[in-house]
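Below: a set of structures, written as structure tokens.
In what comes next, chain A is part of two complexes: it sits with chain B in the first one and with chain C in the second one.
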Partner chain A sequence: MKIASKIYSALIFIFLYAPILVLVVFSFNDTETGSRTIWSGFTLKWYKMLFEDRLLLEALTNTLIIAVITAVISTALGTMAAIGINAMNKRTKKVMLTVTNLPMVNPEIVTGVSLMLLFVFFVQVFGGKSLGMVSLIAAHITFCLPYVILNVLPKLRQMNPNLYEAAQDLGCTPFKAFYKVVLPEILPGITTGFIMSLTLSIDDFVISYFTSGTTQTLPIYIYSMTRKRVSPEINALSTLLFAVILVLLIIVNVRNSKDKKEGKAN
Partner chain B sequence: MKNKWLAAPYTVWMVIFIILPLILVGFFAFTDKEGYFTLDNIMKVGQYSNVFLRSIWLGLLATVICLVLAYPLAYIISKASFKQQTVLTMLVMMPMWMNFLLRTYAWMSLLEDNGIINNFLVSIGLPRIHMINTSGAVVLGMVYNYIPYMILPLYSVLTKINGSVIEAAQDLGANNVKVFMKVIIPMSMPGIISGITMVFVPAVSTFIISKMLGGGGNLLIGDLIDMQFLGSAYNPNLGSAISLVLMVIILICMGIMNQFDDDEEGSGGVMI
Partner chain C sequence: MKKLSKIFAILFSFLFVFASLPFVSFADETEAAPLTGVTINVYNWGEYISNGTDGSLDVNAEFTRRTGIQVNYTTFDSNESLYSKLAGGGADYDVIIPSDYMISKLINEGMLHEIDYNNIPNFKYIGEEFKNPDYDPECKHSVPYTWGMVGLFYNKDHIKEVPTSWEILWNEQYSGKILMFDNPRDAFAIAFCRLGFHLNSTDSNEWEEAAMLLKEQKPLVQAYVMDQIFDKMESGEAWLAPYYSGDAGTLVEENEHIGFIFPEEGTNNFVDAMCIPITSSHKAEAEAYINFMCDPEIAGANMDFVGYSTPISDAKAYLSEDVINNEIFYPSEELLSNSEVFTSLPSDISTLVDSLWAEVKMGGPGDSLTLILIIAVFLAIYISIIIYKKIKRKRELM
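Let's turn to the complex of A and B:
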């Protein structure tokens, strides 16, 4: 049984990682024709081409700007919303949470299309520029907000509500009481919400695709590359992205296990 | 801390960016290009019933395959030591951190007629198999992209099952099969439900996977919508009508699924 389950897990993980391995290996493939399936020697030229690709660097910058602005705004707005929702009576709370869940339950393509209609409608009514950075950021905030709220809300529920009042009784102003008592309690939820917003925003393709106009983000650029299906540049890009993620995950994990060990020592 | 007005900015945001867009979809679905009321768009959706059936069929197929493949793995992970569990769940999650366009692109180079799998088959003296641009390739793409969404919720319910419940069942005379059918499966139901929804919803509404792996012959609902909004067949009214029908189908499916889920806090599963 033990061996059978080892073999089974190995097979599933081969299935999960084989395509990624193929991408990585062929990013080093020295080919004239740009073939992505026949191996003909080692090279780093695709990486060099990648860094000389002005459009790609522009798309990357856009993606990062959008992600940071999105994460900051949706974390602030979402945390405020979670505190507000937590204070509501049961029925209002239920209505709020049902609407909040909509972007998570709805197929992405429907959210994308509906936001596209909204932005086109705005342009028609109020004039102004067509779709671009602003509409992208608004769209990203919209699909990130539920994740922030749903991460902060449980922390608020776990918190002892008397603590906040106790702090005020002991002479804290409401702001100070929030800052000194409530914030430290809900901070893990806020941090998770922030990080999730960042990654969701960087990774999003479907909703950006419908709301970007002519602005390029990294996933949109990748999409246009896959349509051309010629250059192993795209393999090089995948390899770099995967390496970055791998390093980040390892750092986070090492830090977590350190925290746990220290937590035990205390 | 009892200040519910803090939610006011979010409420405004919600109305403008969640509710208003959906109202617009409804408005476009029931009007013609001049903005007059019409049922034509909804009627036209009927012409595409084969596309709807194909999407639902392929989506269901992918969901079932995901469930069958994921359940044993989730069970194995939940039985591993604590340290192994962390590593294994990490391994399940990591591919999700790579953009799904790139992961799907990788399958293109594997499945092509001159692709890696076929080159390998030829080199060991077997005939080539035509794989890309078939509905099988589309299902494979769906399974590959969405299987982590099935493994993780299953794993999170399976780890929570108390071992003494299983022992109790065994003490009362249940054999392994019976324990599995009568105890483990019912207790993992919330995970099964959220896994099914998390795989089925994106699978049924995808347009990238069918475009990249399905060629032109495996049009799905998502492709139809894409064509109406950003493609050659520009017609936002028809596109909205299709989106509306898609939304209704998914609501019905979720309603059916929720019948099996008696868990009150059924938000379910892990979120990365």
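Let's turn to the complex of A and C:
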């Protein structure tokens, strides 16, 4: 039985990581044409080409700028919303939660098209520049918000509400009490929300496609390569992104476990 | 809180390292024109321009250096997605590079500016045969960018006799080894060539007949693909695939086992051309860009990288002899006369084409009855779950 369960989990891991492994391996593949099936030697040339490809780097820069701004704004807004929702009575809370979760279950294509129509309408009525970076960020915030709320809310529910009142009893102003007591309690939820919005924003294709105007994000750029073959530069780029995210996660986790150990020692 | 700020710090440093890269590599350029502050939006096919990798010319950067006009260059994957983006009204492009039939559709719908050819002195370099195209009859709206023909790639190891006809794509001997285009115009064109009809037929019966032929072929087809043909042909997973001649450069020259021919029944000859959408607010700058792209030296360097054929005869001076004398890239008059360019189809025909194509790919008409049945099944499951839960709750209460 034990062996079976081990084989089972090994299989799961293979399924999860085999594609990434193949991608990483073929980012070092030395072929003229960049075959994705035949291995013919080790090279770093795709990495070199990646850093020479201005269009790709521009798309990447756009994507990262949008992702960071989106994540910061939606984390701030989402945390505030979660605190507000948490303080509501049961009935309004339920209604609010349904409303905020709708964008999450709504098909992306519907969200994308409706946002595009809204933005075009907005530009035509109020003037201003056509769709671009701003509309992209607005769209991304829209679909990231529910995830932040969903991550922060359980942390608020777990927290003892008396703590906040106690802090005020002991002389804290409401803001200071929030900053000193509530925020540290819900921080893990906020961090997860932040990282989720970041990845969701980097990842998004459908909604970005409709709301991007003349701006180009990385997923759109990669998709447009389908008339010709997708260049192994993309493998190289994905490998780098994967490595960065992996390192980030390891840092976060190591720090988390350190904090826990210190907490126990105290 | 500290943890969060650390994450921010790492993210931002990552961001700025990447953001600063493109500028570093161009710091050594000299005598650049002062920036005019104007940015034009260019919309082209993916991987369809020389972008500075591998020591090639960075065309857009060179344009900015010479004129001071900045370029926001973005890419699309098909004519249809370009159209939806333009028609949606969400984007203001200044230069777009669609294919022939899409250009005539855009002209018919009044979505293109008339180009002022006085601003494009380099138009004189365009070959005479490209100056009066069917898709833009009075040649008012477009300047050709590239052209090419559709041909047939085949595996020399498995197909001993050089194929001469599209018929081989219907040969049961190669069942499961055949690839087909994953877009209706190109796929139907092959059936049309076999039947001997005109590619721009407006007779719905001819389209139905071509669809029958494609349906007949379907059991033999391994997959309907676009760019996957490169891998599938190279690895020998597929033996026969129609594709664009511009891609023969990489595929044929670097793989000894792959050959390329133009079938005798004739084929489609496509042109991608530069146009200015009606929504453009920088028409003069857009014309400057088009003019720049027609400069023989630039066009030569650009096509050397892209691999497609250039309509600018003087640009051939900047290309290698092998390419110019290659029938694949610059076919003879005889071959050319045996090919046809797509033009826009009337709306009733193009609706028919879409539904016929859906039928070919799905293997039957996608009727609404199936859809209703599927929805009904889902609803039934959903309702039964709700009822089951209610009964359960009642029992628990008792």
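Things worth noting here:
By definition in this document, the second predicted complex is superposed on the first by the 180 of 266 C-alpha atoms of A that agree within 3 Å, B and C clash if a C-alpha of one lies under 4 Å from a C-alpha of the other, contacts with A are read in each partner's own complex, and residues count from 1 in each chain.
Criterion: a contact is a pair of C-beta atoms (placed from the backbone, for glycine too) under 8 Å apart; a residue touches a chain by one contact, two chains touch by 3 or more.
Keep in mind the model is a prediction, meaning the values are calculated, not measured.
When the two structures are aligned on the shared chain, A:Phe210 is found in touch with chain B and with chain C. Applying the stated contact rule after C-alpha superposition, one finds that A:Cys172 touches neither chain B nor chain C. Once the two complexes are laid over each other on the shared chain, residue contacts for A:Ile69 go to neither chain B nor chain C. Legend: residue contacts after superposition of the two complexes on their common chain; A:Ile38 is shown touching both chain B and chain C. In the superposed model, A:Met116 makes contact with both chain B and chain C.
In the superposition on chain A, contact is made by A:Leu183 with chain C only, not with chain B. When the two complexes are overlaid on their common chain A, residue A:Val134 makes contact with neither chain B nor chain C. Of the two partner chains placed by the overlay, chain B and chain C both lie in contact with A:Tyr223. When the two structures are aligned on the shared chain, A:Leu23 is found in touch with chain B, with no touch to chain C. Taken together, the two structures place residues 36-38, 116, 210, 223, 226, 229 of chain A in contact with chain B in one case and with chain C in the other. Contact residues of chain C toward chain A in the complex are 1, 3-4, 6-7, 10-12, 14-15, 18-19, 21-22, 25, 41, 43, 45-48, 51-54, 58, 60-61, 72-78, 88-93, 226-227, 230-231, 234-235, 247, 250-251, 254. Listed in rising order, the residues of chain B touching chain A in the complex are 1-11, 13-14, 16-22, 24-25, 28, 69, 72-73, 76-77, 79, 86, 88, 90-92, 94-95, 97-110, 112, 114-116, 119, 144, 147-148, 201-202, 204-205, 207-208, 212, 222, 225-226, 229-230, 236, 239-240, 243, 246-247, 250, 254, 267, 271-272. Contact residues on chain A toward chain B in their complex (touch as defined above): 5, 8-9, 12-13, 15-20, 22-23, 26, 36-38, 77-78, 80-81, 83-88, 92, 96, 99-100, 102-103, 105-111, 113-118, 121, 138-139, 141-142, 145, 147, 149-151, 161, 164-165, 178, 182, 196, 199, 203, 205-206, 209-210, 218-219, 222-223, 226, 229, 234, 237-238, 241-242, 245-246, 249, 253.
Chain A makes touch with chain C in their complex at residues 32-33, 35-38, 49, 51-55, 57-58, 60-61, 64-65, 68, 116, 119-120, 130-131, 183-184, 187, 190-191, 194-195, 198, 210-216, 220-221, 223-231, 233, 244, 248, 251-252, 255-256, 259.
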